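Once you scroll down, you'll see the structures, which are given as structure tokens.
Okay, so subunit A shows up in both of these, paired with subunit B first and subunit C after.
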Partner chain A sequence: MNKFLREAKLWLIAIPILLWTLLPIYHIFLFSISSKDSAFSGALWPDHPTLRNFGTVFRQEHFYLHHFWEQIWNSLWIAVAVGVITLFIATCAAFAISRLKVRGGRTVMNAALFTYFIPAAFLAVPMYKAMGTYGLLNSRWSLVLAMVTLASPYAIWVLKQASDKLPWELDEAARIDGATPLQLFRLVYLPLMMPSLVAIGTYALLLAWNEYLYAFLLLSHENTIPLAVGLGHFLASDDSPWELLMATALIYALPPAAIYYAFRRYMVGGLTVGAVKG
Partner chain B sequence: MAGVSFREVVKTFGKTRVLHGISLDITDGEFVVLVGPSGCGKSTLLRMLAGLEDITGGTIAIDGRVVNDVDSKDRDIAMVFQSYALYPHMTVRDNMGFSLKLRNEKQALIDQRVATAAKILNLEPYLGRYPRELSGGQRQRVAMGRAIVRDPKVFLFDEPLSNLDAKLRVAMRTEIKALHQRLKTTTVYVTHDQIEAMTMADRIAVMNEGRIEQLGRPLELYDRPANLFVAQFIGSPAMNIFDGVVQSGAVEALGVRWPANGGASDGQRVRYGIRPEHLEPASAGIPAEVVVVEPMGAETEIVAKVGDAPITVMMRGRSNAGPGERIHLAPQAAHAHLFDAASGIRI
Partner chain C sequence: MIAPYVLVFLVFVVYPVTYGLWLARHPQSYVTLFDDPVFFRTVVNTIVFLMVAVNVKFALALFLSGFFVHDRAWIRWLSVIFIIPWAVPAIPTIFSIRFMLNPEWGIINSVWFRLTALDGPNWLNDPTLGLTMAMVVHIWKALPFWTLILIAGRLAIPRELYEASSVDGATSWQKFKYVTWPSIRTLYLSSTILSMIWTLGDFNSVYLLTGGGPADLTHVLATLGIRYIRLDQVDQAMATIVVALPFVLPLVYFMMKRLSANE
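Now for the complex of A and B:
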């Protein structure tokens, strides 16, 4: 009986949360399979559901969609670059701080974390100025560098916490076995850190994929902007093609969902590893 | 194979000095056990020999070569850790061959060395398994296998049996000793368990607070402990020790006379030590009151009170005595130990 009550309470909380989360997504889905006329009808299911909107998007048959493929490629390029570079920086930093005990390593990490006290929005203008100085404005690299800057401190912190949990004797055993620091990194550290690396790589990748503000600021050319900014352009006119906007949004939301689903095992374990110091 | 020599080795952590000038010579092929309570510096000394800790002062030499500034990997040593320290993502075969792989040895040689070690340690059926698929004892054997494969000059063991249950510990003790007798590689073994030390060592160094209290063969330490610390540390159950005064060849303590042999002069204040197995219940002798009787089959441990002091007695066979009963104890004078009351040094 007690178990039943406990379960019932859980369901009472879970169902509203689930509805709250799924409703907007359902809304997007509903719009994307409706024709332009019926999109705003208010019905829970369109009278004549259609996949034509997706066809329009894929064939880039609308003014706002002329660069669809180019922009989704930009999104992908930027996200993967951010994921890879963040992972490289954070892994090396975590290894150096946690395993090689580099002098001042902890201070550097704490200083990097300290930057989170300043909201990313405040940093946008200085970042814009900096990228302008280096002549990177309107290059995908500007967004990549900005996102790596934003993602790295957290990534270093999580990986450092995860590194701290690896038994110290493994390093010592490897040293006695004759491993150089680089061999230790490659042959012992990286394989054992894999779950955390997958989690952090995914985190950085999704952060960049979902970024709007910096992308909007640093990139302005139709050929260089990621799809997130491209979607924003839909709202520039009074008569926005909502059904196409939502169809594009749905397509845009699929890769992160797929990635998250594929790596869900690592995401929970990998990101919470730093939560409690063991 | 090689000898190891420590010369006035000092270690400090910040302002804390943990080793105060250790000198110790280990001969080629010898099995030396460093034993002592936690924090005595035994593991630090071993780790300094392994190259895992810097040497603050003095020198450490392996096979006549001073290794103070030599990297761990170039010292030609192999170490077995308390936690086994097996690489979790590698199979037993890869764990054992890892050091050879790092040395870029030929695969054929690696395979052959691993196979030999696996045969010695009965690990052949497990070569394809991962450490998580092995029991504690098997993991310990893999750790030893990893050491054997390298064919080092010196084996280092850092409390290798502490994580095993009591039964397995006894079995592994025998295995390590048999392994040493077979390979005859110089071995330095650290433990806090004096029984491990007694049963395995050629020589034992008893350490306390960063110093070697006594170095000697196991039975030397047992029969003639150099001071109170060694007397109490070696032997289980521990030696009975109490204060007394020497009077005409015997010791006046706890209100009775205890037979002694030794060079103490009359009136000298001493600490009198007698091992539980050198006290026997008898028809006449020192009167005592039984507190607890612990039968162990072949032997019986009796805790009795002489005056107010508890005395442990270990007798062969069985005892009919019960708690509260009065018995008499006969100490064997030849096995009595006298220590200076002030310095604790053997008289």
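Now for the complex of A and C:
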């Protein structure tokens, strides 16, 4: 009886958690399979569920959707570029700081961490101004470089931590065999670091795909903006087609969610646990 | 090999920040800023947002982490679902909540009407309710992450401590007070500091929900800077950030100290 009561108490906590978590998600799904009338009626389930909204989105048959495929391509292009460049920069930096023990490595690490802890919305203002001076505004590269700047500090930190754990004997053995630092990097370091590299590449990719603020500040042409900014444009008028907005939003949210769950083991914790554990 | 990152840091952090501070050098910018009634309101909103949202979020995360450490298969499944708000991008879900709160067509007021036969409140057209809802959105999004951090903290506590206190006949409250809390206090406090920094930079929860409205009454510092940029007043935007720095930098300094202490 006591055991039963304890289980009942757990379920009593579980039900509100489930409702709280899923309601906004369910609402997106509900709208994307509803006609406009049904969506605006406040119904909890549409009378006639339909996939028409997705057809409209894929065929770009609405004013706000004229650049749908182009914008999803921009999102993908930017995310992949940020992932690749961040991975390159962070791997080199982590290798130099952790294995080659270059002078000033500690200072660079601190500079990176400082960038990581400054709220991104604060850095956005000077970044916007600087991109203007560089003449990069409205070029996809401005967003790529800004996101690389934001993603690198965490990437370097995680890779440095992982790389500190590799045994030193490997480096020594390679040196005795006459390996140059570059050979050490390519033949010993990279293969051993592969799991962390995959995780960090994914992290940078998702960060860029999900970003809204920097994208909306730095890019404004219909054909350079990623889908995130395209979604924001839906709210420009009062009678927005919310059922189409939600269908597009669902398409936009699915790939990063799938990737997140596929790499879930690597995605949580990391720096934060390192930073906050006493 | 460290050069690529140093280059990125110089070109996209050092130069912009220096240039930004240089733009913010005119005392006139600060006079204009302090004269702007929106600015004063924004500072109050930001303080309320930080105090209320961060503390409520952590109280909930502390409670929920205690729930999720129960060893049941169905609770592990629930934790997979619970992480969704953190796993998906911000815009879709915030827009979804925005329409749910629509006074005429939103699902919340429609259910409200069915239950009470009264019209529900105009959620986002009232500054107090609007800011409250922005805090709810923020908590909805960030709660899973901090709950996971606190779960990790709780799981690191040796089981023997709990077994020993059970033998001594401790109640669950006593177990929390004398075993759990002393073990995770440091984690809890530094998580709160880090979360304050990140919450200060939370642009999406406010901007995508209320847009700072009605009548610019729900801005926080993160959205106000961007508002000045949209109005083409970049000096003003920089001044806003400079004003916030005395509050942000000590927190950042604390976190960096903490990290180097752990190495």
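Going forward, the second predicted complex is superposed on the first by the 240 of 278 C-alpha atoms of A that agree within 3 Å, B and C clash if a C-alpha of one lies under 4 Å from a C-alpha of the other, contacts with A are read in each partner's own complex, and residues count from 1 in each chain.
In this text, contacts are C-beta pairs under 8 Å (C-beta built on N, C-alpha and C of every residue); 3 or more make two chains touch, one makes a residue touch a chain.
Every value quoted in this text rests on a predicted model; they were computed, and no experiment measured them.
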First (subunit B), second (subunit C), both or neither touched by A:A204: neither
Between subunit B (first) and subunit C (second), which, if any, makes contact with A:M147: first, second, both or neither? neither
Touch check for A:I176: first (subunit B), second (subunit C), both, or neither? first
Applying the touch criterion given at the start, work out whether A:L218 contacts subunit B, subunit C, both or neither, answering first, second, both or neither. neither
Can A:S41 be said to touch subunit B (first), subunit C (second), both, or neither? second
Where does A:A162 make contact in the superposed view: on subunit B (first), on subunit C (second), on both, or on neither? neither
Give one of first, second, both or neither to describe whether A:L192 is in contact with subunit B, with subunit C, with both, or with none. first
Which one hits more subunit A residues, subunit B or subunit C? C
Counting contacts the way the document defines them, which residues of subunit A are shared by the two interfaces, the one with subunit B and the one with subunit C? none
In the complex, the residues of subunit A that touch subunit C are 10, 13-14, 17-18, 20-25, 27-28, 31, 39-44, 88-90, 92-93, 95-97, 100, 102, 104-105, 108, 110-115, 117-130, 133, 145-146, 148-149, 152, 156, 185, 209-210, 212-213, 217, 228, 231-232, 234-235, 242, 245-246, 249-250, 252-253, 256-257, 260-261, 264, 268-269, 272-278
Which residues, counting only subunit A, touch subunit B once they are in their complex? 167, 169-170, 172-179, 183, 187-188, 191-192
Per the contact definition, I'd like the list of subunit C residues that touch subunit A in the complex. 1-2, 4-6, 8-9, 12-13, 15-17, 19-20, 23, 64, 67, 70, 72, 74-75, 78, 80-85, 87-93, 95-97, 99-100, 105-107, 109-111, 140, 144-145, 148-149, 152-153, 185-187, 190-191, 194, 197-198, 200-204, 207-208, 222-223, 225-226, 229, 234, 237-238, 240-241, 244, 248, 251-252, 255-256, 258-260, 262
Touch list for subunit B against partner subunit A, complex: 50-52, 71-73, 77-79, 81-83, 85-89, 98-99, 102-103, 146, 150
